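Labels A, B and C are assigned to the chains in the order they are written; within every chain, residues are numbered from 1.
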Amino acid sequence: MEPKKRVRTSNRVRLLAVVVASSSIVLAACGSSSTAKSSSTSPSGSATSGTITWWASPIAQVGIRQTLINAFEKAYPKIHVNLVSAPTNTGTNRSQVVAQISGGSTTPDVFMGDVIWPAQFGAHGLAVPLSNYLPSSYWAKFAPGLVAGAEYKGKVYGSPLFEDQGFLYYRKDLLAKAHLPVPKTWEQLKQESLTLVHDHLVKYGFVWQGNSYEGLTCDFMEYLTSAGGKVTNAAYTKAYLDSPQAIQAVSFMRSLITSGASPAAVTTMEEPQAMATFDAGDAAFLRNWDYAWANSQTPSDSKVVGKVGVAPLPTFSGHSYPGYSTIGGWNLYINPHSKHIATDLTFIKWMSSVQAQTILGKKYSEIPTVESVRKAIAAQASAPPPEKVAAVTRLIARPAGTPNYPALSTAIYTNINAALNGSTSVKSALASAESQANTALSGGL
Amino acid sequence: MKFQTHTGLKKWVNLLNTSVVLIVLFVALPLYWLIASSFKTNVGIGASPPQYFPDPLSIANYQSAFVHYDFGIYFRNSLIVAIAATFLVLAIGSLAGYALARLPIRGKTAIMVILLMISLFPEIAVVSPLYLVMHNLGWIDSYQVLIIPYTAFNLPFAIWIMRNYFLGIPREMEESARVDGASPLRTYWSIILPQALPGIFTAGIFTFTACWTEFLMALTFDNSNSFRTIPVGIALFGSPNVIPYGTIFAASVVAVVPIGILVFVFRRFVVSGLTSGAVKG
Amino acid sequence: MTRSMLENATANETPPPTPDQQVTGHRRRTTRIGWVFSSPALVIVALVTIFPIAFSVVLSLANVTVTGNGFQLAGFTFSNYSEIFHASVWRYALVFTVFYTVVTVAVEVILGTLIGLVLERLTKGRGLMMALLLVPWSMITVISAELWQYIFDGTYGVMQAIFSAIGLGQPQFLGTPTSAIISMMVADIWKTTPFVAIIVVAGLVMLPQEVFEAAAVDGAGSWTTFWRVTLPLLRPTIALAILFRILQAFGIFDLPFVLTGGGPGTATTSLAVLSYRTMFQNLNYGAGNAIAVSASVLVLIGCLLFLKVFRAQVSDA
């Protein structure tokens, strides 16, 4: 028992040290370190050596991250990039990044994060304000709206890596058989779905993401915006979810299910379920992101190879076509504790270079964020169809300019999901969404 | 019952057999679905109506788990962490369980209630502060960063359960050992421990499975592939919009194998009680 | 237990009164050995758990902001608690969690005890059955949730195919609140009943043989023996299983998080899911910890009440 006693004492001493150390972290005033760093680091980020850690969840196709790293290391042979694979669930991914950075970890240096993170990460000091280092000329090259989406209180926190947005995927063969055009309004989409289902050409009409989760907020934004509605005011102090436009949007979404144009199962569908149903040849229309193209054209995943078309999302009749697509995609952020900010910047700048963006867009059919690359690829005949369509769509960002966006979105998707599955009326669901959204905007539960 | 009439025995045997069949079906059907789906292609997974038997039969999911993803490394890490923590829990937990069952310690009730309180505190609330501690110890990305918390968080339940079984051991055996002049450690080792093997096995298997399946701490404390465990590894499968059911199921079929082996190897500890006496009640 | 077990233990602390000096010396020595035996475990538990738990309690009582430089605390406050107590989402989550705990624990304990009794009777293949039972329990919860999500899927799920084959239509198992709650309970019962069964088997195996032989000699039938002998002797073991099942069920997180995401609507949002969302998604650590701490206090009260009720039953018997 003697050695155990010794261990105990030394552990106690260590624990004491830990408690002291961590309480000093707890009590440390915040906000000083990043500004201190900004003055000491070369603003242009011209470092050409060192080792940095890049935290990124898997991108749709296997090998993208490593291909990018290899190309980068070829351009900067003295920089080594360590890839750490992040969880694929975006919420879990965020919680891990937050735990590491708020815990004082100097790694990861650069992390790939969702486009809806900037306000929250900026407000909590969990990301470096990149606009302190990178001049406005750097930001000018990105496609419109992307940089604005990465801003919080006048500073840009994320450098757009690749963009994503909603598309309408349809079965060319079925539409041809039934002599139907590609739908341009939501009403037309519903009608064509019903026709195809009634004629037994297909099992289900239109599948989309109706489960109680972030994806439903994305889908809802598309209906709401094409109905002319908004979620909040510009200052993010007041939610407008009980509006006539929101009622029109959600009533329509509900009517897709009640009419039979969409299966009842859409209220439990996320991207994978909707995709699988479409790939199995069981649905005529699919609302999904960019990856769905490649997925539907992979023979090992899909029975509808060669039968799929891509179009912009429809709008409500009486509004101009095309409708709106919700912006998704990923940005690169820097950990405020990173010891290699100059090297991090070199990496981030290279990731928005023509070379990197072309790899993303051409080799892996992700939508580039740099406007010139995007246009160049879309102009080529061989470009993946979604990238061609992306050149003509209209985009809408989620109301993520507030640090309370996650709670706001929860208020939206939980209540709308309840309306979609019929457990509450559309009207009362939206009234409850509005009151919960207002609580969320003020920082409440 | 051994002592029943022949008709009663027959009825009982039938009831027993029926129950066994029902239990097996209840447990095994979902498992069949897991295994069958792990051999389906992605098209087969999404087929409607579902494929009751994989068609075509494919091992691509297993290849993908080991080749595309470092499942072999995760498997090794899980084994190291779970075996070490289970060993520690059993070694020090059974001593504590015995002491708290049989030896005169002041405030036993308080200790047991505090242990209960610790084991009921939600993991999600302790993981952030614990990260601060581990970060300051420099333990992030290591085995001990999981082994030590796993030991600590599994000890309360293990102590409770082993103490329960120790209490069930007839006191006379210890008394006679004490009269013979055996030390408490010797009494524990040669009298109590052999008697309590089914209980210790139970505590061990629960500790092992808890460590084997723990997700949140493993995810938070180990960010390097060389230390990540199976549950974390599986969370890296696919991409944000793709759940590769087939690969996940294949990995989890493989992940269950050690548990099966463990139970099978140590089953005599559970069976021993039966062979030593008559059937009960 | 447990109360009876504790009392049992307390009774053990008092040796038969004897003036003999040697016995007192022996007692002192065994007391010391008792501490030597239990301290390694108690010390490691204390070292690892006390700081994080205390920290969580502190955060729940502070105006806290998480920043890139750790947690900033600004003053003591009860506002986190009043915030959650006034939130309808919290009240719903509480009701749901209690309901879910009561139903699943009741079903699992009854079913698990029955399975345990059946297993204990098996003379052949017990090891195999134990191994089979342990498979659901040892599955990573996230994966078993994904398995059940796949089984319950609304377009290609096997359960729906079975239902429609026997003429029960095309139910959306995860699509309506009631059916989603039932589906989640089925998944939980499948995974967790073996936990109870295995605890019960080990308890049964360790029961003293003599009692049963005596009962048999007295001519007690199998039902009488079961109700009068087996069950009372098994009571501490079953109580232990119930106690820890309550703790696990009340903290249910992974299953709803993956199977339903807390939906449809918020129908399966448990306290742990709500706490996770509040902390890690909204970065509201004050309220998130308040939810966690209040849940612990509530379940502790529940456990103590359970122990009290159980003891009453023991004395009635």
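Definition applied: a residue touches a chain if its C-beta (ideal position, glycine included) is under 8 Å from a C-beta of that chain, and two chains touch if they have at least 3 such contacts.
In this text, all values refer to a predicted model and were calculated from it rather than measured experimentally.
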| item | value |
| --- | --- |
| Per Cα centroids, the chain farthest from chain C | A |
| Interface ranked first by C-beta contact pairs | B-C |
| Centroid spacing, where centroids are CA-atom means, of chain B and chain C in whole angstrom | 15 |
| Rounded Å distance between chain A and chain C, as computed from the means of their C-alpha atoms | 37 |
| Multi-chain contact sites of chain A, meaning residues that touch two or more partners | 18, 22, 25-26, 102-104, 276-277, 280, 282 |
| Touching two or more other chains - residues of chain C | 40, 47, 51, 70, 155-156, 276, 280 |
| For chain B, residues contacting two or more additional chains | 45-48, 127-129, 132-133, 235, 243 |
| Chain C to chain B touching residues, read off their complex | 1, 5-6, 8-10, 12-13, 15, 27, 30-31, 33-35, 37-38, 40-42, 44-45, 47-49, 51-53, 55-56, 70, 114-115, 117-118, 120-123, 126-143, 146-148, 150-151, 155-158, 161, 190, 194-195, 198-199, 201-209, 212-213, 215-216, 221-222, 225-226, 229-231, 236-237, 240, 243-244, 247, 250-251, 253-254, 272, 275-276, 279-280, 285, 288-289, 292-293, 295-296, 299-300, 303 |
| Residues of chain A defined as touching chain C within the complex | 1, 4, 8, 11-12, 15, 18-19, 22, 25-31, 33-34, 91, 94-95, 98, 101-104, 120, 124-127, 204, 211-213, 263-265, 267-269, 273, 276-277, 280, 282, 336-337, 403-404, 406-407, 410, 414-415, 417-418, 421-424, 436, 439-440, 443-445 |
| Contacting residues of chain C [partner chain A, same complex] | 36, 39-40, 43, 47, 51, 65-73, 83-84, 87, 89-90, 153-156, 170, 172, 174-177, 260-267, 269, 276-278, 280-284, 287 |
| Parts of chain B lying in touch with chain A, wherever the complex brings them together | 41-43, 45-48, 60, 68, 127-129, 131-133, 135-137, 140, 219-220, 223-225, 232, 235-243 |
| Touch list for chain B against partner chain C, complex | 1-4, 8, 12, 16, 19-20, 23-24, 26-28, 30-31, 33-34, 37, 45-50, 52, 88, 92-93, 95-96, 98-106, 108-109, 111-112, 115-130, 132-133, 148-149, 151-153, 155-157, 159-161, 163-165, 167-170, 184-185, 188, 195-196, 198-199, 201-202, 205-206, 208-209, 212-213, 215, 230-231, 234-235, 243, 245, 248-249, 251-252, 255-256, 259-260, 263-264, 267-268, 270-274, 276-281 |
